[in-house]
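First subunit A sits with subunit B, and in the next complex the same chain sits with subunit C.
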Partner chain A sequence: MLCDLNVPWPCSTYNTQPTQQQLEVLKNTIVTLYSLGYTHQAINFSINENVRIPVGTPDLINPINIAYLKSELVPRFPKLKLFTRLTIIVSDPSKLQGLAKIQNHFDVLAVQPVNEKALQLCTTNLDIDLVSFNLGSKLPFFLKHKTIGSAIDKGIKFEVCYSTVVSGSIGYANVGDSTNVQLIKKNFFNNVLQLIRASRSKGIVVSSGAVQPLQARNGEDILTLLKTLGLDNSRAKSCITLNAERALISGRLRIKSYKQTVIAGNDSDEVLVEKKDPSKPDTLAYKKRLGDSSSGRLLKKQKRSKD
Partner chain B sequence: MVRLKQRYILFDILYPPSVESSESAEFSVSESSALLTLHQTSPASINHRTLVHAIRKSIQEHYGDFGAGSAGLSVSIKYFSNKTSTGIIRCGRSTFHTVIGALSLIDSIEGNQLIIRCIHVSGTIKKCEEYSIRRSRDLMRLISKDTTRKKEEYVNSLDLQADEFETVEPDLDMD
Partner chain C sequence: MSSPLSFHNQHNSMEKRNILEKHLLSRCYDSESIIEQLLDTRYSHGGDQKPVIVFKKTFPEKEKQKSILHREISDKSQTITKSRKHNARLQLRNYIKQTTSNQKKLVHKIQKHNRECIAKSQQIPFPIEAMLKRYRIPRYEDFNNLSHLWQSYMGDLLFSNGTIPTMSVLLPKLSSADYTGCLLTVTQSRNTNMVGTRGIVVVDAQFSFILCVPRSELSKEWNESKESFTPSEMVGGFRMVPKKGTLFSFDVIVPKKISIEEGNENNAADSDDHDDECVGFTLIGSRFEFRAVDRAGKKFKSHTVDDIL
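Moving on to the complex of A and B:
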């Protein structure tokens, strides 16, 4: 199973609705990714931190019409699983007080910090699954192993979005001449290199960010590309499988569980992991791995020393 | 004597639906229609020569003179079929990562928008052929869920591919 955690929703404000053509392109992108093997895909809604979120009316908080997409696509593509994701572009985390009210409406919660302070505060204080950076422009700060490493220990993953580098002529249409395009690609490689160094190849999620079908790529090929940059060979595969899956699970545990560890009931409606043994309850599918948190690792160690 | 080591990359070309075209609505109708659109036959403008040119250009663009010299010059296309849009590239063993990386960064050849996907990497061309035939069979099984005229054309071309493979001579580069 492969996961793609970033398929952008065509609108970036609450006031606009996507046109029929935009929806068609989105559906085509999803189907193209599905044909490339991505069965779990998250539709990404990206906003600035200043945007007022309609907290008063819970129905409007999530603008992604996931029910429509599911009804259109899932009957035809039975293995496809769709999720919703919110990305908030953050420069001052203290403004993000209402996060608790929003987070139950999205399956995955991500932030895109624009400065070092925001990155630090987001990873320590906020309950998020994913951190993404704008890889097309030069990061205004240095990624420290200490910050990134402690975030990864908490279970937060870092995202590499490859649409910046495979956009093609259409994707770069509003960028300008070829020197700008080259600059974007150079920045991408530099930022990915920084991220790989700071994270020691751990906790990286590779996702597409494809706004049109042309930008979809085979995951293995992108991993090979990143391997030429120095991504660890043995940890590469988990960038599109295990790490992405863990980000999804931790996001869904937030909604459906008690304190992100235990889940009760037999909710077969939206199962993330295929049930292997039908006699066992569904809770297994949502079980958090011990190695995902620092206390869990201590427990694991203690257990091992007892044996 | 030591044999000169190579890697053979099996790739296929996918044609994603373009944003403006009228066909794009049909694309997501069913799994087989999506697969049939992606696995179209390639136009005649895509051939051995233009493919090698596009690959070398992509390597030059993304890996510079160093990449073009070490990886680009050793690239050659051993097999390419327009009917199935499948092909085999031969390249140096130490640089095949670079070649795959450059392949994934190509987005158009001769004005055709496409995705190049690397399916399999092997040390011998024979294993690449076997894998390709096996994969085509799986694909046929997937597509044959519903019968259309397009499907029959595609199945015919796949049979042709199997025949063509038998005529590709095994590669015996010995030093």
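Moving on to the complex of A and C:
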């Protein structure tokens, strides 16, 4: 099972809606990734910390129209699982007090710290799944093993988006002239090497961040990329399979369970299945007949014998 | 006592001197006033000055119903000593050990029987029922009542106000609930042999659940339409399932009254057939490695998910 936790949503504010063309490109990207083997994909809504989140109206908190995307794509690609992700670009974590109110509306929560203090405070205080960096530009601070290691012990993963390095100078991404592209690539490799050193090659998630279908790469390409960066085969593989899946599961468990103790629902692969019907109270979605499941039939039998 | 004057002097100190009589009389009469009266008439001029005291036959007093908190611990045997506690735990452990070893013996016996059948190339059915009795292996049916009790406890705990609350209300309650008597099914486990095991929780230990599992066609989910079973499936009895790295699923039956009400609201067609409804939950064993007593007051925290499976 391959996971891609970063397929960017075309808009980055609450006020704008994506145009039909943008949605078309997004759908094409998802389909391309699916055909490359990524069954679990998260649509990423990225905002600045100063953006006001409409906490008062719960329906508007998640602007990603996941129901529309699912209705369009899932009938044709039944194995495709789509999730939503929120990335907040943080410079001052004290502004993020309202995170508890919005965390039930997104499957995966990520932050993108822009300075060292933000990274430190986000990993210690906030309940998040992913930390991503802007790897295209030179990181303004040194990644300490202590900070990164304690975050990984907590279960927070670090994200590497490869779209910056594959959106080359040919022109299908508007990243500027060729020297700029060279600089971005140089920064990318530098930063990833830093990250690998600080994390001791644990807890890294590789995702696409692909804005266009052409920026998607398959698993083999990513393995090659990571091997050139010095990871061994199994660690490189866990970057796109195991670690990504764990980040997704920890995010899903935040919604589906009470502090990772009891999960609602008991179907197979329950954690990664969306069952919510917004019109009803959520418990009714998990209600079923006793005769439907095997253990239910056993319970029914017992009840009969008692009556 | 012969002269009235001397008696009078005595009268002042009567309270002291009549202690013995009072004490004796207190065994015969309940109220203090009757005793006072008797003694008064005995030692006064106006009274009958009877030379005898009548002692009634007494019966042991009925113990008044007191709350267990106010009752004095009079008998030494009532205090549960540390050694007795230890013994109870030891006995339970011995019982479980004995039962599991008996199960093993019976499984070996069935295997031997099967080998002999193949050698003789004839089918003789193994007398399983008699053997279960002989080896004293606990039956799943014996724990049915425990399961019913647990279901009614869940009904009281979760659906007490007559409606189905949201998951955010239900789940915290479930995380601190008691699971003795719950029908658990192992859905995922690091130990793949455990997957599919199901049974009623007999002991909720710190690191494992001890389940009493059903036999033959009820033993596993996929065994319902099977013909032949493995020896251990035929025997049933107790299974120890470690909590670490295991996901358990269980169903809570929604009380009929509520489910019919809710059913009418949603779709009337469904409520026609009288099938019970249940709500499914999954329990993460790795986060449940506490004794039930400690879990009741515990504040849970999210951790890294690496150890869940």
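The rule is simple: the second predicted complex is superposed on the first by the 256 of 307 C-alpha atoms of A that agree within 3 Å, B and C clash if a C-alpha of one lies under 4 Å from a C-alpha of the other, contacts with A are read in each partner's own complex, and residues count from 1 in each chain.
Rule of thumb we're sticking to: a residue touches a chain if its C-beta (ideal position, glycine included) is under 8 Å from a C-beta of that chain, and two chains touch if they have at least 3 such contacts.
Keep in mind the model is a prediction, meaning the values are calculated, not measured.
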Identify the partner contact of A:191: answer first if only subunit B is touched, second if only subunit C is, both if each is, neither if none is.
neither
Please work out whether A:293 is in contact with subunit B alone, subunit C alone, both, or neither, and reply first, second, both or neither.
second
Which partner, subunit B or subunit C, touches the larger number of subunit A residues?
C
So in the superposed three-chain picture, is A:153 touching just subunit B, just subunit C, both, or none of them (first/second/both/neither)?
second
Is A:303 touching the first partner subunit B, the second partner subunit C, both, or neither of them?
second
Output check: A:249 vs subunit B and subunit C. Expected answer is one of first, second, both, neither. What do you get?
second
If we overlay the two complexes on their shared chain A, which of subunit B and subunit C does A:208 touch? Say first, second, both or neither.
neither
For a test of understanding, state which residues of subunit B touch subunit A in their complex under the given definition.
14, 16-19, 24-25, 27-31, 34-35, 38, 62-63, 97-98, 100-101, 103-105, 107-108, 113, 115, 117-118
Subunit A partner contacts - residues on subunit C that touch it in the complex
141, 144-145, 147-148, 151, 164-168, 170-172, 174-175, 183, 185, 187, 198, 214, 218, 221-222, 224, 249-251, 253-254, 259, 262, 266, 275-284, 287-288, 300-306, 308
Would you mind writing out the residues of subunit A in touch with subunit C in their complex?
127, 153-155, 246, 249-250, 253-254, 257-268, 270, 280-284, 286-291, 293-300, 302-303, 305-306
Residue ranges of subunit A touching subunit B (in the complex, touch as defined):
24-25, 27-28, 30-32, 34-36, 72-73, 76-77, 165-170, 185, 212-214, 216-218, 220-222, 224-225, 227-228
